[in-house]
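Chain lettering (A, B, C and D) follows the sequence in which the chains are written, and residue indices restart at 1 in each chain.
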Amino acid sequence: MTTAEALVRHVVRPEFDIVRVHHVELLVPDLEASATFYVDLLGLVVTERTSDALYLRGWEEHHHHSLVLREAAEAGVGHVAFLVREDDDLDRLEVVLAARGDVTTWVDDERGQGRALRAQDSLGCPIEFFHSMDRVESQMQRFDLHRGAPVMRLDHVNFHVPRPEDAIPLWQELGFRCSEYISTEGPDERITGAWLHRKPNVHDVAFTAGRGPRLHHTGLWVAETVAVLRACDQLAAAGHSAAIERGPGRHGVSNAFFVYLRDPAGHRIELYTSDYYTGDPDQTPLRWSLDDPRCRTFWGTRAPDSWYEESSTLVGLDGKAVPIVDSTVDERSEIMV
Amino acid sequence: MTTAEALVRHVVRPEFDIVRVHHVELLVPDLEASATFYVDLLGLVVTERTSDALYLRGWEEHHHHSLVLREAAEAGVGHVAFLVREDDDLDRLEVVLAARGDVTTWVDDERGQGRALRAQDSLGCPIEFFHSMDRVESQMQRFDLHRGAPVMRLDHVNFHVPRPEDAIPLWQELGFRCSEYISTEGPDERITGAWLHRKPNVHDVAFTAGRGPRLHHTGLWVAETVAVLRACDQLAAAGHSAAIERGPGRHGVSNAFFVYLRDPAGHRIELYTSDYYTGDPDQTPLRWSLDDPRCRTFWGTRAPDSWYEESSTLVGLDGKAVPIVDSTVDERSEIMV
Amino acid sequence: MTTAEALVRHVVRPEFDIVRVHHVELLVPDLEASATFYVDLLGLVVTERTSDALYLRGWEEHHHHSLVLREAAEAGVGHVAFLVREDDDLDRLEVVLAARGDVTTWVDDERGQGRALRAQDSLGCPIEFFHSMDRVESQMQRFDLHRGAPVMRLDHVNFHVPRPEDAIPLWQELGFRCSEYISTEGPDERITGAWLHRKPNVHDVAFTAGRGPRLHHTGLWVAETVAVLRACDQLAAAGHSAAIERGPGRHGVSNAFFVYLRDPAGHRIELYTSDYYTGDPDQTPLRWSLDDPRCRTFWGTRAPDSWYEESSTLVGLDGKAVPIVDSTVDERSEIMV
Amino acid sequence: MTTAEALVRHVVRPEFDIVRVHHVELLVPDLEASATFYVDLLGLVVTERTSDALYLRGWEEHHHHSLVLREAAEAGVGHVAFLVREDDDLDRLEVVLAARGDVTTWVDDERGQGRALRAQDSLGCPIEFFHSMDRVESQMQRFDLHRGAPVMRLDHVNFHVPRPEDAIPLWQELGFRCSEYISTEGPDERITGAWLHRKPNVHDVAFTAGRGPRLHHTGLWVAETVAVLRACDQLAAAGHSAAIERGPGRHGVSNAFFVYLRDPAGHRIELYTSDYYTGDPDQTPLRWSLDDPRCRTFWGTRAPDSWYEESSTLVGLDGKAVPIVDSTVDERSEIMV
């Protein structure tokens, strides 16, 4: 077993139970433009609108929000939130996070939401844990009202980090397991991407090598492949073809059908569907070689440079942009070779 | 070669050139209810609205209308119109129709349309021939505005007639060719259905055995199978599941993927897609045995009785309901056996 | 809160952790005919063939089998197996099952599988719990080898039971939660169907009212709606249209797109896709009224009588057919009214 | 009306009737490799195999072949054939072609085919006209045997020519009409692409600006968008991801959903579906500006350079490669600007 393989296979069963990634707060300079993009074009449901924010959810979701668009001077990422099974899990998490030196603080004034533990881990990612949120009616079967793709639910987030090998154990300590990873060939095997999950599909959170920490993208689930195609058709028809950055296509990693879009603030959104079940206890991480042209797009299509280089700035618990550093490995196999 | 086969293989090349079936005028008692059904739920485009009529078209169509909904005391069918290649074709058609004893009359006050030759053939069907209509912009690529299925274009009509064998030669004289037919087994082979075309797909007009003459359904083209499914989901979500009469399913005849709906006036609409090319000069009619359970629904599913028994009343050139008589053969194989 | 609602909302957190329903053993009189159906037509992967059995799995599955076809004089169901998280869970389960009076026995000679706890609960269902099975390569991305639908993985089973209200608490004790249920209107509310899950989609096991206990169907996951349609096209083309019993269509309950098939032994198979995520701790059961025509097929289509009446005989731990009794409520709303 | 618009709007009604483009003969150095690609991976049906050639057809086609793969020392294009309505049309065509100076010759020994008029027009394209071919059974509804995409029928061919303005009138004289065209902005408007049809969809033959004359691609019809995606998945799974050159995507021109592939001999194949009806007599050419990023891929994706630069060598009636010259205009808007 290689060092990389040993690393990704590690399994921890902590005292608390993180259910899944739950919502993302995006800071956007032009709330109207973002509303058009997410509500009219991608088809998210508006739960609530305040003077400076929009609380959105997918058509099958039962909670107040899975995406918050908050008006701000600069585009950025406020936080990425995870749902825990019991309220006490938050206290148990606080102990563990504090013990490993993460900054933590409690927040209790979030719209439609109970108390939340905010944290910034040693990588710099602003994350949140919470247990309760207002329930709303699912709109899943209101097919007559569906707009856009439409988006069904939040599926995952993906961070750019300088060394994925540093991120993996931090999240394994929280109970996450690796489903797939990409690593380099040769004696100094480096991991260039790792997909980690709590809920039993390919990921709740992924870490790929790049200047960071930054948020590479937010993955939104759509019901099937044709929904991805329809989203592209509608974006182009509405004059937003420039928002389509990569795809549509089939992923090698995850097997999902996808397209990557850039919202009006520059944040990257993935429409994603049709990955697979990963919940069995003996599931082991699937390795992809960075040299396999199918690992990123199964059909061999190369991603554009912007997709490798650009990501969203994170805002730390101190309200300032989290400093970023260069990656220690290049995720582009073409450049490696 | 059987008598039936000889009948359906007959080819006539008349002096005029009928391009295709072009539009249908449906009389509806409640124009608002019909507008909701066709515009909001099926997704037709409104070209013009007058005090008593709605002129609709599919998203790819370039002409003023392919479906006219006209308010009337009773539900019925005003006429079914065919497009001819040259204006002179109309005069040539008049001669031929008059020679065979059809009633004809000229109409020149139709909305958005040039002069038209109305006729009622010996079967009693109110038909129209015309050459010119106002052109409008196709909305095919306005994916961002699409609603409902959406409907792309009118594809065909289907009449219920007591003896399909009588209808076939009447329409062959007009240049129509048979693509497929269903006939009974045994010595007294009877044709229970025939599909005739001018444009090179399976049909512009079909004749199936039933009390008639009546209009069995109007076939509207959608872009692909998932559009048929989406239409059903939307109808049901909007509280109109009772409008879904038969299907969705795959046809044996035509190979098309379909669903049959009933509009608020009781008219039957077929959403139809994915049949095949029939334009080669040596194309010969494909026979289906009435005993083959796959001829109607390839998957073997039986159509409900309403689908065999109910059809729309035709309104003759005299403005009165065209009298109907019983079929001379039963199209339901289950009943034959 | 009604009695029914209180019943379905009950949540138990037992000491053991059942991961999901995992495999089904079907007894079939003609192994060759069944092999054709499951392998050639539905597209399952053959892991191993013995003199009297076929061990099959879906294209994304990593375990030796999810469906066992075993040749037998009479069609029947050998057992339905559930995967547990830890080997010790089996011992903890034995204690709980014995305490409530279920018959249990250990089995250690199953092909490709570790020790298993067989049980027959008070309803009479022959179930199994196990922790380990040989791992095999997933064939998910061998698109070039895919046949049939193809089937991706086992999703759920559905039992016919005389009183669903009796089944629900038995399975809640095992940690299952109810996602959706159907109940009658009026003062004597009866539950006619309940969908229970461990993995976070709509169900691992459902109980619907009918003569029982019997196995109503085994649900197999396919990747998307068009795979369901393709399966029907292929079955019909191969001369098996009679195998298509109900659908394709959209479920009201679960929102899944489905078709029900009958295999050569009479066992019912559902091809199933596109339900939704149910893993949040505050998820509450969704109620459908039996009077809502959309609860079974969202499009309002009525299921055939065979679908309500016919099910597979269960074989008990004593090797004999489990006796069945009549249902205490009729699941067909049309008959209730 | 601009000069370009006047040119593309020109309509001629010749004495003969060309029905449609019918088949293509591709010269391939490695017949086995090509057979794997076209039969196993794309799913064409083999009608006949001779010592040096493979005669293939789509699943819905009734004729002996629509694609001939002929073993040859060098990759090339033998000829592109068009079907005419009557045998006499061939004689009428010979007169017209000879009158305009095209080289013509009669061929009467083609497999499964009647006499054929071969010609080489002033552009240098080796074309053929014929009226009769052996009929074979359509395999359209043998869904159980379908392989690959699968391919349903030949739809069109596309030539690279140095000046599309020269090709358009040559083909209008043969009765072809223009459905869509791309032209440059500004005073010296140049046509960079024109789509011409006889059968009523977007094209039988297209001419795009490039070094030529060469055959840019052969367009094969598949039943719907998911068939295009499935073809890509299967190619990649079988180790042929490098064959995927451009797409999948939605075309601006034609609205079709497509992917471009390169066969083992380097010939380019387009899988194509879902364009629209163009058969009405008042249909007028739709103009796209070369500056509109959506004209080629509606989603704005740029085609790779190879797609603009590489094409198949034509073999003239003299058996030699047809000389090619540089294009007089660059089709890539990005390079123009």
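Following the convention adopted for this analysis, a residue touches a chain if its C-beta (ideal position, glycine included) is under 8 Å from a C-beta of that chain, and two chains touch if they have at least 3 such contacts.
Everything numeric in this text was worked out from a predicted model, so none of it was measured.
Engineer: Taking contacts as defined above, which has more of them, A-D or C-D?
Structural biologist: Greater number of contacting C-beta pairs: A-D.
Engineer: Taking each chain's centre as the mean of its C-alpha atoms, which one ends up farthest from the centre of chain A?
Structural biologist: Centroid comparison gives B as the farthest chain from chain A.
Engineer: Measuring from the mean C-alpha position of chain A to the mean C-alpha position of chain C, what distance in angstrom results?
Structural biologist: 33
Engineer: Determine the centre-to-centre distance between chain A and chain D, using the mean Cα coordinates as centres, and give it in whole Å.
Structural biologist: 44
Engineer: Measure off the straight-line distance from the CA centroid of chain C to the CA centroid of chain D, and report it in whole Å.
Structural biologist: 50
Engineer: Where does chain B touch two or more other chains at once, residue-wise?
Structural biologist: Residues 141, 225-226, 233, 235-237, 298.
Engineer: For the complex, which residues does chain B have touching chain C?
Structural biologist: 225-226, 229, 232-233, 235-237, 241-242, 244, 248-250, 257, 293-294, 298-301
Engineer: Quick one: in the complex, what on chain A touches chain B?
Structural biologist: 41, 141-146, 226, 230, 233-238
Engineer: Which of the residues in chain D come into contact with chain B in the complex?
Structural biologist: For this pair, the touching residues of chain D are 19-20, 60, 62-63, 83, 85-86, 131-132, 135, 138, 140-141, 152-153, 199-200, 223-225, 252, 255, 274, 276-277, 279-284, 298.
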